[in-house]
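Two complexes come next, and they have one chain in common, subunit A, joined by subunit B in the first and subunit C in the second.
For the complex of A and B:
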């Protein structure tokens, strides 16, 4: 199977391609691994059947893998400090095992599996629309990306045509959610840096985006809005005018707050050279999204593996090279500005056919489909098999699953007080990793 | 610094007037309301069969199960009623469809100010973020004496989000035990009430009250920040008294 500029080689696991392995082992066998070869602009998807927990057991070290090293460090006075699953400052259930002899972090192992709702197995046998209700709840703050990737894979599996306007609605939802997530991530980092005034105003911007989503889609997190047979509410011309107007205000406000934040020495100094990730280690650990782009690798699915409507847009996306927490935040800030441009282009080119044809009642045909979406925190892949309109098999690789090893690598030799900056700068979500 | 202050002044007052005034449409979008059959429209078998979480029965809607998917809108339902707020009864069907709408008696059992400990036992993250947003300028929970704490030892309220996984049963019990009495537990969101869209998945508990006693349930998937505020205000006897519109 080939999809727009990237190769998908599906099948059981083959030999490890040294240094190119992005692994996400999961407790069920919904494991997907994506091998990204950035030199040749090529990705290979594999579906290894390796049991085990995704986080503790990561890649069996080609070379020195950061997690393997973390487990081995021993010596006088070193101990392992368990942090979680209910931990201060991490608003989700998850755990970290920190190997340390005091202040310095010798190694850190993220441990998941506390929030496993078995979404991928619980949807088996459900009609695509019902399965979508669970898939969007894989991670509520990333719902638009998850459900768009899931639907695209299911539609490609069945060979079902999708109206262009529907693709525009999905892109609209994804870009709005990217704005929300990046704004929130910036606020969280500001919070960790004790930027109290700025913090409140950036958070206020996040709430404005949620309200905008609520007023257009009827739901603050857009649940149910992108599904076949979803709410009757459609994005009409009046909605788009309202959106354009509101986004203009949000963009202007963000620009002011962003330049104020970057003028703040405490904010910038605290982030600079915190939790660094070199380009080599970003690639080797399989990092994706803003994390990868902050380390100097310009891979963004919207550019490198675009699907409509991104194929028709002019997208210019930012990169940074320093690889530290500041670079990851700079990438997010610039992506907010880029998303606002993308949204403008979407409104300018919005397809005129206002009537959206209802999906055909009878299933078109059974099959397997793969789709890839650039979620706010990185490259998201869904692999879905559909027969008789029902989901028969579902596997996915979430951006968080791909980024945990990079986070662990960046924390090596850090001090524990860096933890919150580092964690927030990666945009990791336990919910989508556990599934 | 002056830049920031100037910015605050330029933005003016963002904070909601809730609970002194009812929530505005922008604070409570469609999904903040409870679905109910349109007046004089009987609940059809199609509505019952079409609800993905079996929240609709011929005699009423189980608001605790409802995930606000809006599918029943095509089956004679509407979302036009009052905002769905917290209730002290698990909003299962025996109480009837109206039982949760502002009907619960105020508990007024904690002091004038409370500290809230948020525990996630298996959420999708949206509930966590909605709960945390009550601290943001538009809601500013601290003006009402509501604060978050990072330690159960300093907490009065255990606010639980998500569908309990086996792995979180013990941590949840321990968090509950660590909170000094008097304490209150708030189950927030369809998942915490009875499993939400994941109800019946092997390995998951059907609701937080299978593990710890619950004082208030907040329906919604996720409940909007005003509903979370309402629940916490009930605990200190400061909730909005007249039925919200």
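For the complex of A and C:
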């Protein structure tokens, strides 16, 4: 199976020797691994050997260290500082074990498994539309990306053609959610820097986007909206006009807020040179998405591995080279503006035929499909096997899973108080990591 | 004039302290018992002296035809009081603590106590010097009794001896110059100001400052105690009373020198302020149960110098009232520190007894001790050193800051500015020392023990620490009355009649408050505990009678994880790493990483395992290391130049030196 710009190799979980195609994320629990060769613009997806056809990734037990191994730091006065799983700073249940001699982070181990719902196992045997209901609940704020990737993989597995209008609706949902996620991340960083006025205003902007999503798709998180038989047909000309008008206002307001935030020295100072990630270590640790682009690697699936409608759109590629928390936030700010441009193009090119796929009456051939989507926090891959209209196998590699090692690497030698700036600048989500 | 039997008792106390040394050869406990009895006797005589007037003991004619005698006046009685208070505690403690086979520690202990008593009660500087030298040598002997690595003990003891002899040399110079000034060795005021007086002052300041361990000689204080882990009773005697002997010497000489020029006070204030800051800073990052109190001693002796410096500056500026107040502050600081520090060192010995370690990070996590008095006594002592009301350390810190606040009264802008800087240093140090004391109490006392570990009981040790804590509370709460008792000492120092800065104000009865200036600031130490007590009674009554609140015992919340997993508790090192990193330019913080073992896993988020060490450095130690290297290089070059094995060159050198001496004597005559 070869797709535009990237190829898939199945059935191999051996280590990769080539230093450039570094291990992105690998745990011993049978997750997907995606190797990116940025020089050649190629990616290789390796699916681990899975004993038995139905076996998929199993849920890690809480307290284990499924995400990354920490540096074994010993020395006088060193100890492990446990942070979480329930803490005021991190909005999700997730734990960090910080190896330290006080104040300075010598090594950091993110510990997941507290939000495991075993989505990938629980969807086995379900019809695609029903499975989608669970997949999109993987992480509410990333629902559009997950469900789009899942549906694309399932459709590719079944060989089902998809109407252009539906692809446009998915792109619309994804871009809206990208707006929301980036705005949310900026608000979180502003909160960490105690920019309370900025925080409140940016949060209000995020809430406005959520309400917009709710009014167009019938659900604030767009749950069910993109699935076969869902209410996606509501995006009619009137909706699009309303969206276009509202987004224009949001864009103007964001531009003002963004310039005000960047003019605040206390905000910028706190982010600058915090949790730096060099280009080399970004590639080496397998970072994806805005994290990767902030470290000077220009990779975006919407450009490098585009699927319709992105093949027909102009997508700009915001890029920074500093690799610090500020660079990651700057990339997010620029992507908000880029997404607004993409949304305008979507409305301009909206297909005239308004047909929506109905659930398949007669199941088409069994098969395996792989889809790749640029989620707001990075490269998301789904590998789905469908037979008789039902999901037989499901694996995915979430961008958060890929970014944890990069986060751990960037925190080396940081101080405790850097934690929130670093964490929020990465946009990591425990829910989609744990699945 | 007091009763003649007091003189006999004074002689008996000094002789008894010395006699405890040979008695210890028979049995250690007998030696410590005699030391305890003699200390109590000295305490009684000192109190009687302060109450009734100077006491004269045995008198004889010295080898140089000088009249020698044992005597106590107000000044020496005050220091004898402070020292004997400490010794009473350490001697009682030693009876339980010292379980060595050899009597070496007990013998050296007795000799040190006797020597300090001798130098305090000496009527002449000659006798003072004899006591001073015996004290240095006997203390050297005590440090050699330490347990641990032989080479470290020896080198630490050697450092102590080197600094001790340097101090003796400087004191000798001061005494010689004093002899030229007064024509004798007898302690007493001399008149006249000139280069020679200033020489006496500078030599005394440096010589006694060496023993007090103030900057830049603070290595002489912390290094022998911390590096060798000297026995804890010895550490207490060294840190509380040996440095007190230095302070006494300085007080005595300065008192005898008459009207001081302003720069004396300025110099003293500057040295004191630097010591205060350095001592507090290094105490806060120390990881040693004895190194931490030893650094705190540097801070406290610096405070004594600050107060004395303000007094001298005020005197030079004609501000008698401020000078007297600062003197009272210096006296009170001396006794408050001596007592509190004793409790801390005895507590360190207790911790060592129970856990077998001096390492604060290792102490926390071991077995927990439950002897009555120990925790309370240590807590009180640490609070006092951290200047928490209503304890003695708070009163002295308040008095010293009050003195510094009034430095605006000085006439010259330089002195005002110096007072300002010193005030800032003292205030900063007061904050830093809180970190140190919280660390000591938190990690040496209040940790949660690892399950199953049991500690050996050491009831006698704990009780002593508790008793010292009680004394501290008494000193603090009764500060106005203590100050009245100290007044004869200050009067003897100033050679003038003084009244304690004590009065009443508002609803506070007369004599219950300490007043600085007229009035500048006011503090009533007895009212503080009364207020705290009343508030406690109200709170207790509310919860007791109201019954609205019940005590609920819960496991500590660890953010959803199971608490108390090994290796997940904050270490004492981690507690002060913030200071190490923030003040890295002063502390010269350096991180040393050494990788351990081969890299087996190529996982990229898995950095190489390594060992990390965050080191701090005392720049003064660097200076001394350089000094030692330079001295060694110079003497080596000298050796090669003069004594290369050729007789001719060596003889020529001897001849030249002899000629030079002859010429010098001829010209000088």
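Of note:
In this text, the second predicted complex is superposed on the first by the 393 of 435 C-alpha atoms of A that agree within 3 Å, B and C clash if a C-alpha of one lies under 4 Å from a C-alpha of the other, contacts with A are read in each partner's own complex, and residues count from 1 in each chain.
Keep in mind that, in the parts below, contacts are C-beta pairs under 8 Å (C-beta built on N, C-alpha and C of every residue); 3 or more make two chains touch, one makes a residue touch a chain.
Keep in mind that this is a model prediction, so the values were computed, not measured.
Using the contact criterion defined above for the overlaid structures, shared-chain residue A:393 touches neither subunit B nor subunit C, since it reaches no partner. By the touch criterion stated above, A:86 is placed in contact with subunit B and with subunit C alike.
Using the contact criterion defined above for the overlaid structures, shared-chain residue A:242 touches neither subunit B nor subunit C, since it reaches no partner. Contact with subunit C, but none with subunit B, is seen for A:78 once the two complexes are overlaid on the shared chain.
In the superposed model, A:279 makes contact with neither subunit B nor subunit C. Of the two partner chains, subunit B is the only one touched by A:117; subunit C is not. When both complexes are aligned on chain A by C-alpha atoms, subunit A residues 85-86, 93 touch subunit B in the first and subunit C in the second. Touching subunit C in their complex are the following residues of subunit A: 15, 22-23, 26, 63, 68-87, 93, 95, 100-104, 106-107, 281, 284-286, 404-406, 408-409, 412, 415. Remark: subunit A residues 85-86, 88-89, 91-93, 113-119, 122, 130, 133-134, 137-141, 143, 184, 197-198, 200-201, 203-204, 206-207, 210-211, 214-215, 218-221, 223-224, 229-233, 253, 256-257, 260, 263, 429, 431 touch subunit B in the complex. Every residue of subunit C that touches subunit A in the complex is listed here, in rising order: 287, 361, 558-561, 565, 567-578, 580-581, 596, 601-614.
Chain contact summary for the complex, subunit B toward subunit A: residues 1, 3-5, 7-8, 11, 14, 25-27, 29-32, 52, 67-71, 73-74, 79, 118-130, 132-133, 135-139, 150-151, 162-163, 165, 167-168, 171, 175, 196-198, 201-204, 221-222, 224.
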